[in-house]
Structures are given as C-alpha cells and as structure tokens.
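The same chain A turns up in both complexes below, where it pairs with chain B and then with chain C.
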Partner chain A sequence: MNGLASAAIKMAGLRGAAWALDPRIEPGRHAALRPAGPESARIEWLYWVIFWICLVVFVLMMIGFARAARISSTSVSDRAILEDPQGDRRSAWGVGIGLGITTLALFVVLVFSIAEGRPIEGVATQNDVTIEVTGHQWWWEVAYPNSEADLRITTANEIHVPVGERIAVVMKSGDVIHSFWAPNITGKRDLIPGYASAISFQVDTPGTYHGQCAEFCGLQHAHMGFSVVAESKREFEAWQRQQLQSAIEPSEPETKRGRQVFLTHACVMCHTIRGTTAASQMGPDLTHVASRNRIAAETLPNTPGALAGWILDPQSIKPGNHMAANALAGDELEALITYLESLK
Partner chain B sequence: MRTQSALLAGLIGVVVAGVGVSCRREDRILRQPPTASATLNTVQMSGLNAGANPAPQPPVPNIYEESAYATSEGQRLYEQYNCVGCHAHGGGGMGPALMDENWIYGSDPANVFATIMQGRPNGMPSFRNRIPEYQVWEITAYVRSLSGLLPKDVAPSRSDEMNVKPSESSTPRQTPTGITGTPEPKR
Partner chain C sequence: MPVQTTARLTDSELHERLERTWGHPKGVWGWFSNVHHTAIGIRFMVTAFIFFLLGGILAAVMRTQLAFPENNVLGPDRYNQFFSVHGSTMIFLFAVPMMFQGFGVYLVPLMCGARNIAFPRLNAFSYYIYVGGGLLLWIGLLLNVGVDTGWFSYVPLSGPQFTPGKRADFWAQMITFTEVSALGVAVCIATTILRYRAPGMTLNRMPILLWEKLVVSIAVIFAMPAVMVASSLLLLDRLVGTQFFNPAEGGDVLLYQHLFWFFAHPDVYIIFLPGTSIVSTLVAVYTRRHIFGYTPIVISMIATAFLGFSVWVHHMFATGLPPLGENFFTTATLMIVIPTAAQFFCWLATMWNGKLQFKLPMLWLFGFLFVFLIGGLSGVMLASVPVDLQVHDTYFLIAHLHYVLIGGAVFPMFAGIYHWFPKITGKFLNEALGKIQFWLFFVGFNVTFFTMHFLGLRGMPRRIYTYAPELHWSGLNLLASSGAVFMAVGTLVFLWNVGSSLYGGAIADINPWAAGSLEWGVPSPPPSYNFLYIPTVNGREALWSAVANQPVVTGLRTDIQEMLVTHSLDSEPQYREETAGASIWPFLTAVAVSAAFVGSIFTAWAVPIGAVPVTIALIAWLWPRGSSSTSKRATALEPLAYER
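After this line comes the complex of A and B, so read on.
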C-alpha cells in the first residue's frame, strides 16, 4: 500500500536493526579528555596529574620488582636472609620510604582533587541561563523556566545552551535515581527523587556533545542519552523563540489527517503538542519534535522510517520502555509521520 | 573411586532436585501478543436477562494476572492515565470504590476490561483506541488486585503514594457480589 509503512514494519521487525542504520556517536562527542569548557578542562587536568603520578609509581614498582627478582636469584641462601640483622634494618627503611612516598602521593592527589573539585561543585545563585532537567525512565525532560508561564520552554533530550555563558542545571527525578553526565562539559550529578540537585557549567567550544545517564536506572539505562547543543547567543535566542511558538497548524489534507490520528489514538494519552488538545505530560513534549536531531532519548535518528518503527514497535527497539506499541493502519501511520515531521 | 562416584551422583541429585524445587522465574512480557477485543460482545454485565438465561460463557483469562510485572505496570498506568482522579487509590470519590466487594458491572477480568473499553453511564469514559488493549488488560489486573482478587505473589506490595490502607498484596479477598454472586450490588 505504501512504501514507508512497509519499510517501517520491516525495520521494526528486525531487532536492533534500527541501530545499524544509525552512525555511531562520533569519537570526541562523548569524551572527558576533549574538554569544551572550564569545568571539563579542570577535570582533564586532574586526570593527567593522577595519570602521571600513577605512571611514575608503576615504573618505580616495576624497577623494584625486577631488582628483587634479580637478588633472590643470586647465591644468597635462605638462611642468610633469615639471620641478617642488617637486612632487617634495610628492609625497615625500604618499607618506611615506600609508605612515605605512598602517603605523599595520595595526599597530593587528595589536595588536587579537592582544589579542582570545589570550583566544579559550586553553583552561583545568579546564572545567565537556568535549565530544569527531569529524569524519567528512560528519557530527559528539559525545561527553560520563566517567571511568566507562557515563556517557559519544554522540550526533551536536547539541551541548547549559549556559548560562553554560565549555565545552571537544576535536576529532579520523576521516578528513580538517574545521573546527568556530559563528559565533554562537566562531571556527573545525580538526579534524586524528591530532591533538587544542581550543577553549573560553561561551554566555550560550539558543537553538539553527547550525554548519558550514568546511574543504573532500569532496563533501558543504556539508551537514556541526551545531547547538549552549544551555539552562539544569537542562534540560541532564535532557537528559544522558535520553541516558544505553538505547533504549526497543519494546512495540507495529509497533515490534518495526521493530527486527527494523533488526537484519536493512544498518542494523546501521554504526549503534549501545544496548540492542540494533547496536553498529557507523561511522555516527551512533541510540539517541535521535528526540530530535534534524534528521537527515543538519542537512540534513533529523527527520520520518517525510524519514527515509524518507533511508533509501531518501540518494545523491540528499547524493550521495557514506557512507550506503548501502536498497531496503526498503514495510511494512518503515514499521515501521522507526515504530521510529526512537519512539527519543526 | 566408588566413594567419589557416589559423591558425584549425590551432587548431581542435589542439583537436579534444586532445579526442580526452585522458583520459576517470571518472564516479563515486553513485546505484547495481540489481544482479542472480540470478547467485549459476549461479556455479561448483569444478572437480568430478557427471556431464558443464556448459556454461561467460559471466563476469559487475563494472562497479565499471572505476572507481577504486568500488574505493577497496571498500577503505574492507573496512576498516569488518571484513574486516580475519580477512583482514588481504590477508595473511590467521584467514581465508585474499587477496593470493596461491590461490582456494578461484574468482577471478572473480561467485565472490567469491557467497562474500561466501553465506558459506563454516569461518567466513566470509554478508553477504546485511547489506551492500547494490552495496557487495559494490565490495568484490569491491577484493579482486581485492589480488592484482593489476585494472588499475593502477583499483587503489588507497596506504592509510592501515602496510603491508609494495606498494600494490594495484603488486602484480604473481598468476595465479589454482582452477576457472579446472586444478589444484585447495592447502589
């Protein structure tokens, strides 16, 4: 009947094939050693300090072992070692020096960790941009709060930030403990039910960075990703203006039909499209779903085929997730996809 | 040598017995099998009939009532689809209580399923096409657990809400009245 629906059904049937279509996350998008801001630069510096200390200790240990192995293979008999008071004194010195070096090395690491950790930890009361992130099984709700309720932006899994400004992220959880971690940007922060935590950072290099839930939170923990899009102030403000608008009113018969399908099927029970009667907040806000790069918490690219596969059979893509399988007819599905893809 | 082989045989025996005795691990149904909503038309809602009594229908089993996972999913959906808005956590409010023995439209899984799918007079909306059928069956399982009609090992043992009642798994069984028992439910 139509190529799109049959392709989607085929795709949904092949377990995991959706990922095969999808290029891997580029190296560098998810790397603590490629810092994009001052916080991650501190973490990277601390990493190398600890790395070099450990390397020196490792090399010294290996030299010590090699020496000990050589001495024990020479002609000193067991008896001579046991009855060697000078040897006892020497080994006491050896152990003492080793203990001293260990304590000193660990103390240096401790001091640097605290010195670098404190500025990363701190959150100022005034920030240029404040973002509310709520963790759900298994996606991220992202909101830009505003004292005027109609200027509040709600989106999902894609966090836009302006470059070079202080960002504060206030974090909550809707269910279990999650952890917010974008390694290029800063360290981890847990999202704890019934408790707000916060982290503050700055991104200096524009780009799209990948983030990931870093606290095991159930079946689809591994597919609970997000992205941070760092862009210029002007681009960020344009993005905000666009996100504030209600959903585009459908003009074509196909998109009108798609909206009708959305509003008369299970979609409406969980998702919001501002400008329509769909206002449930259980699932991600879909008002501007077509403007996002990926769907299903960074699991699939935002293409018509992936979207169709996700709607028809989400349980073979992310088994156990809370999106219900929807047995839509081919023409209904096609209209729905056309409508969703029009929601720029 | 003989003692060794006897020991080995004993060990194998213990392992086999352990496997036989050990609990069956519950399988979570993640990809849902298609459900038959055709049962809707044959469900009897009332003890009153025109003419002779119809032949009793065999009860429609709800496979989700055998799964603690599905029942807890039903609990989550009961919350998220706002059943609590009218029925509260079983005690009722705008809608009837679900934790007592009175079932206006029958207590069998198929009856509860039909009630959710079709809606009922005086305010119960129809959720047909809105909630996928397998989720309606999961909610059905949870609704029946509210009055202790599900086995203890399947019924949820706690919830995140402040409940003044015992959990579903410790609710004593409320013997349903209505079309399964003779007296018509009190209104």
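After this line comes the complex of A and C, so read on.
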C-alpha cells in the first residue's frame, strides 16, 4: 500500500512536525507537550510512551494489511470458493498471538496510566499557595484567600504563582460548567455548579502561560481565556503586596475626573474599585486593572485604545457578553481611561 | 382453510399471484400506506443520506469560519447553532438511522429469507417519526431556534436559566422522536431475526450481519431509554419547573451527564458494529472464502456491545471523579479494544488466506481499516486518564471522534453502498467515478482530521467560534479547512455517480459479486414479495453451500400476506402467520404523535389534548379486519412442504 510509507512518516514525524509547521512557535508557548512543571511533564512522558506503543501497533497492522493485499490481488474474476483448513489453523495461531500482544500492550498502558495519574490528580492538604477560582460567563474570578479578610486578594483572569512551590487551585462555578485548563501546566478540571473541585500543581519555568475554558459554556466560550504568570518568590510577594493595597488615590485633575465618571456611570453597577464606593461583585474587580496584561478575559491587550473600544462597544468585540455598551462623551471617556490606566 | 397447491403453479403464475397480494400500493396515498421493508429501508437510507449532506454543509461553513483567525463568516450565535445541529444531525439523524435502521430494515428480512419485516406497520411508523424529529431540528435551525448548546446539551447551560426560549426544547424533543424510532426498529429487527429465519438457518449459521443486527437491537433497547430519561427530565425542568438538574434546589448536573453518556457511549457501538458487520460480510465476498473466525467475531460483537455499557465515564474524567472509579473505567475502556482487535485480526487472516479481489467496495474497506485503526489508537490514548485530562474537549478529541465515526460508519457505508446498490436498484455504480470519489474523500478526510490532532495538542479547545492569531493555530486550521474541500468534492462525485447510474448504469443481474447471503438469490431489485418460495439453508453462506436441488418451502397462502414463523434457535418451522399489510394509519399515527410531541414543547396541555388524536389513530391502526377472524392468528403448518 502506498499509504503505508507516508502514514508511517506522518506518524513518526509527529513530534517534529507539530512544531516545524509553524516557525513562529516559541518554546514554552501554549501547548500540552511543552511542559512547564512536573504535572504536565509526567503527562507528556506518558503521552509519548503510549504514542510509541500505538505507533508500533499501527506499523505492524499496516504491514499485515499491505501483505494481505499483495499476496492475493491476482484473481479478479474468480467466483469459486476457497477452502484452506491448513491456512486457517495457522491463522488461529496468528490471531491468538496477536490478541496476546494486544492485551499485554494494553496492560502496560493501564499500569503506566494509573501510576502517573495518582500524583497528578491528588491534592495535598498543605500547599504553599492556595488560589480560589470561580468561573463566570465569560471570565475568571481569582482570589487568594486569607484568614484575615483584609489580606484577601481579589483579581480576574490573571493568576500569579511563585515558581517551584506547590499551588492548589480550589474551583467553583458561578453559573454553568466551565473547565480550567492551562496545558503547559497540567490537565484540565471542570468547574461544576453544586460541586467543589481542586487541583494542585507546580510551575518550574518562569513565564506567562495561556489558559482557556475547555468546556462549552455558551455564546462567548471562545473568549474565556486566562493567564498564569509564574515568577520568582520575590516578584510574587511584591505582586501580592501591591494587590493588597486599595486603589491609588487620584492626584491629577484628569484622573479625579475619571474616577468621577466611573462612579457616576453604569460602571459601578458591576465593578469594584477598593477605596471607592464602587463595590459590586458582578464583574471583574478593577482595583488594579492597570497591572494586568490583557482585558476582557484575554481578549484584548490592556492598552488605552483597546480599553476605550471595550468600554464604548463591548458587544461588537465579544458579542453576547454581560457588559453593556457605554455611550460616553469623548472627554469623559478620555478621563476614564486615564484613571483606569493609573490603577496599577 | 383451502389448501394451496402452489407447487403446481409455474413460477410466472406464482409471481402474478404474489404480486397481487404483496405488490406495493400505488399513488401518493399508496406511498404513505406502504409498509414493505424494502420501501421503508430505502427511505431510511435516502433520508439519512440527505441529513448527512445537510450536516456536511454545516461542517463546511464552520471550517470556512475557522480557516482564518478572527474570521467573520459566522457570529458566535450562528456558529454555536451550526456545531450543535451538525453534531446532533450526524449522530441522531444520520449515523444511527443509516447504519442501524437503513441497512437493517432493508437487508435483514432478505438475509433471513423472509417476505417482510416483523411488525411492518411499527416499522413504517418508526420511519415517519424519525422524519418528524429531523424536520423539527432543521426547521428549528431555519427559524433561528436551532439548538446552540452542543449535541449533548449539558445542563445547566441547556436548562431554563441559561437557555431561555425554545432552542434546547427543540433539541430535547428531537431526541425523543429519534429514540422512539430506533426502539421501534430494534423491536422489528430483533423479532425478524429470531422468528422469520428460513428453515435451516440455525443460530450458528446466521450471517454475521444478522448477528450484529440482533446484538445492536438489544443494545438499542437498553441504551435508548437512558437518553430519553435525560431529555425528558430536561424538558420537565424547562417546561413545568421541576428541578432535577438545578443544584440550587438539590438537583444534580452530573446526573444528566451520567444518563446521557450511559446512552451515548453504547451509541458509538450502535453506530460502529454495523460498520464492522459490513466489513465481515464484504471481506468474505471479495476474498472468495468464508470469513475466518466466525465464532470469535460473533463473540467479539457481543462482548463489544456488553462492555460498551461500562465505559461511559471516560467522557467525564475531567469532572473529577474518585480515582478508583476512574481506573475502573480506564480498564473497561482498554478492555473493549480487545474484541475490536480480534475482529481486525480475523479480517486480516481472511484476507491473508483468501483470494482478494480489489474491487471498489474493497478499496473503501481498506480505507476503513486505515482510518479506524488510527481512531482506535488515539482512543487508547484517551482512555488514559492523565492524557485525557490534557486532550479532552480539544481538537485532538475532535480528530479522534471523526476518525472512529467517519472511519467506523461512513467508510463501511460507502463500501456497503457500492456492494448493495446493484441489489437495491438493479444498476451498477460507475467504478471509475467511485475510485475518484474514494481518493478525494480519503485524502481530504486525513488532511482535515489528522491535522486536528496537532491543534488539540497545541491547546485549541473544541467549540470555539474564533481564535486569536497569536495562538499559532492559523496555519493548521487553514490546512484542515482545505481538506474539507476535497471531501465535499468527493461527495459531489458520489451524488453524480448515483444519479447517472440510476438513469444510465449497467444492468445488474441477480448475483454479480457471487456473494453467499440470501439477498443475492432474488432478482435485483427484489420483487415485492422478496422470495418466490421461502428458501432453505445448509450453511453460513446460504448460496455458496446450496446444493443443485436445494429444497424450498411450498404451501404458504398466496391470497393473503402469509409468513413462515420458525424457531428462534434451530429455525424449524412453527407456524404460518398473516402479517400486517399496507395501511395509512402508521403514517397518520406518526403525524398525531409528532403534533403532540411538538406541542408539548410549548405547553404541558399538549400531552392530554394530543393523546386524543393519537388514541384515535392507534385504534384505527389496530382495528381488526380481514377475510376471517382466524386469519390473523398463527395457524398450523399443515399444507407446508419442502419441495425440490
């Protein structure tokens, strides 16, 4: 069979081809087979074990079928029925041996899967950092709980973790089923209404890793991204200290006016800015919105232009999301953007 | 009771009498009254194929949308409707109705040596109710109330709170329609196989395709109620305010997933086992030998159907079930590979020791072996919980499911169509066009779906209507979309082939492939009564093992539609029985039931009010009539005889 050679090359080249096809790919970029921590590394290792077993089986079967096709494609018009009891006895042995090998291979897959699954799925009671993630249509609420209420950090869509430490993510859903998935870090876990769930992982390579909702959750499932920023313990603690502060008090007239715009328009209906009277929990907490890299659950970069477009007409950028359009006058908008961009 | 001496009639006299009794009713009224299995079987296949084309059109539009990042062919609302209706159509309106109902209704009575299917009116009813479900889903899409919550419509997204309006109701009620249809046909097919087999066709001489249809019928009877419970509870939540799936009121959203997948995983085997039986049937014909490993293949099919009921949780690994439970389902999922591997090895052995004739159906079978093997191996990867947690709900999974479903159903379907088309229509399909179609479809399929494995590993989740260019999915998506063009062109070539062959194709004789099963012993296309005389059978391939003067059964009445009922195990004749003939009432009952079902989307009153016309139609359907009061009852064997 002609397909045999090309198929074998295709399968064998999997690891290389996946990356070679796209030269822009950066190491550590969003992908299941680019592990950044021990959990995804275990899964990657297991993936390749099963992959090579499957590849060997595939090649053997293809050789078998190619040989079957080659032996016998001679007698196209023959209507007689063949009897070959001796050949059948040989075949019975062949089928038996084939099934034996199949069972053995499956057993290997089973043992490795169970062995690798235990450390990946288990969550220890003691972790260095615990994070609460709540899925909403279509953004992620992120909190760092603390027994003292004023030491609790609340943010959205951007999860900071220190490298080399055990992280536990405790998850719940605010509406429908979502699934938390950052492929470079570990496998996915569903957020199911009525159920609490938790995963634990560690990130060893510093960097920003993309994550995305993996369970269809309605109209804007495509735009429900998040990022995991893995940084050194020192940077992480600095980030925590900064997030714990209330919003920066505006000092310039423009930022003061911007805060006024925020507090007198629809913004306060959904958003919180700690240190002001805006305290609604419907949408993402904006106390430190300027410290985040992207807005609208990873949909847009956090630039003044993108922010202005988002505030004016979120429905054309992310149709169906729960933020209403805001018809602000030009100078009001400008002041508001200046204020929001000051909320480091 | 007058004793018929049919043996004294010439074949043409007998043909005339049987034609008068069994002939297809004429005209529009007659078309809707026809309950003969060949007519209904063809309608199932044609209708299912139309839904295959419609579902394919949706897929083509979705691939156009995904060809480029941030493309604007479809908005999120329309895209979500398209993928939901695509999946629902392909599973509920194409794959099962084609592979189980279509091939089953047409082939089973012919392979049994019977003149019609058991309960022919129930069978006709099942067809119309299936059409009702299909129309409901598609009219919904055209009126912009197409389902937009995916083909498994998980709660709470599909519940009253997050999907107000009627979209999810249209979908849930479509499930009810199609499952009623599948259950009805399952009863007809299982009864036909167990009671209408020709004398001599003992259980261990049944063609593998009959074994498969029996096994699948039983699987349908066990699997379909689960999904009907799921969809009915969802409808109740949405319509009358029950709280089965509302966690705020003590309902459970995971219960829905268990109920749904308890159906939907066996459903994969309900789709795939018919494919394997087509392979087993055709491999024997085109290697000119009996299938190797008849008994292991039959046991494998039974084992697959049985194990198919204990793997459903592998769709739910990411929900975070206890590890011990997950390991059980991983083990069951890996175990189910063994019977499928046994079938693969038996086909391999058959071809290895046979005289393989590389005709067109065989080309499609090799396509099946290649494609399904890849799908099966990626299934092994998905069975492993840690790997599944990475690739579940990504394009890797999309690739896997299309490799198993297109590999397990569409490739064998085309093989089967090229094989049986001469029997069904009396015309050959064009071999050259068939080869062109195969290569277009095969290459296009692999370009489209093999590429998706890489997309999934790169983190592309399923069911997203667009993606950002920075995520590096653009090139691979464009490649996947380009493959879809080849598949579409290949399908157009097939349609052209069917059209031109029907009007100008070469005439097929009774048995052009020198095949061994009983349907190849009747003219092409089969007459309305199928068999002039009920045949007798000496072996697994009835025509191959027939002797020069193979006896036939004579003595069945020709003035009424009389059938021979035989023993389930040894197929010894037991009774003669008059079977139900043409009637408009199955159609009218289906209309009444459809009206009640559709009405119940809007008001619970549709159930009691709709029950009235349904009851009237059922009374009319079952009203006793006929020449004498005894004619309906099973009667003694007396005038029957074996004659050479």
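Quick note on the criterion: the second predicted complex is superposed on the first by the 308 of 344 C-alpha atoms of A that agree within 3 Å, B and C clash if a C-alpha of one lies under 4 Å from a C-alpha of the other, contacts with A are read in each partner's own complex, and residues count from 1 in each chain.
Everything below uses one rule, namely that a contact is a pair of C-beta atoms (placed from the backbone, for glycine too) under 8 Å apart; a residue touches a chain by one contact, two chains touch by 3 or more.
Everything numeric here is computed off the predicted structure, so don't read it as measured data.
In the superposition on chain A, A:268 contacts chain B only, with no contact to chain C. When the shared chain is aligned, chain B and chain C each come close enough to touch A:319. When the two complexes are overlaid on their common chain A, residue A:117 makes contact with chain C while staying clear of chain B. Of the two partner chains, chain B is the only one that A:327 touches; chain C does not reach it. Ranking chain B and chain C by residues of chain A touched puts C first.
Legend: residue contacts after superposition of the two complexes on their common chain; A:100 is shown touching neither chain B nor chain C. In the superposed pair of complexes, A:69 makes contact with chain C only, with no contact to chain B. In the overlay built on the shared chain, the residue A:33 is in contact with chain C alone; chain B does not reach it.
In the superposition on chain A, A:145 contacts neither chain B nor chain C.
In the superposition on the C-alpha atoms of chain A, the part of chain A touched by chain B in one complex and by chain C in the other spans residues 319-320. Residues 1, 3, 7, 10, 14, 17-18, 21-22, 24-25, 29-33, 40, 42-43, 46-47, 50-51, 53-54, 57-58, 61-62, 64-65, 67-69, 71-76, 78-84, 87-88, 90-92, 94-95, 98-99, 102-103, 106, 109-110, 112-114, 116-118, 120-122, 137, 175-177, 179, 181, 183, 186-190, 192-195, 197, 210, 212-222, 299, 319-320 of chain A are the ones that touch chain C when the two sit in their complex. The touching residues of chain B, when paired with chain A in their complex, are 28, 30-32, 34, 76, 80-81, 129-132, 134-135. Residues 75-77, 80, 148-150, 154, 156-157, 162, 247, 251-254, 287-290, 292-293, 296, 318-320, 323, 326-327, 330-331, 334-335, 337-338, 341-342, 344-346, 348-349, 351-359, 366, 369-370, 373-374, 377-378, 380-381, 383-394, 450, 453-454, 456-459, 461-468, 471-472, 475-476, 514, 516, 541, 544 of chain C are the ones touching chain A in the complex. Across the interface of their complex, chain B is touched by residues 264-266, 268-270, 282, 313, 315-316, 319-320, 322, 324-327 of chain A.
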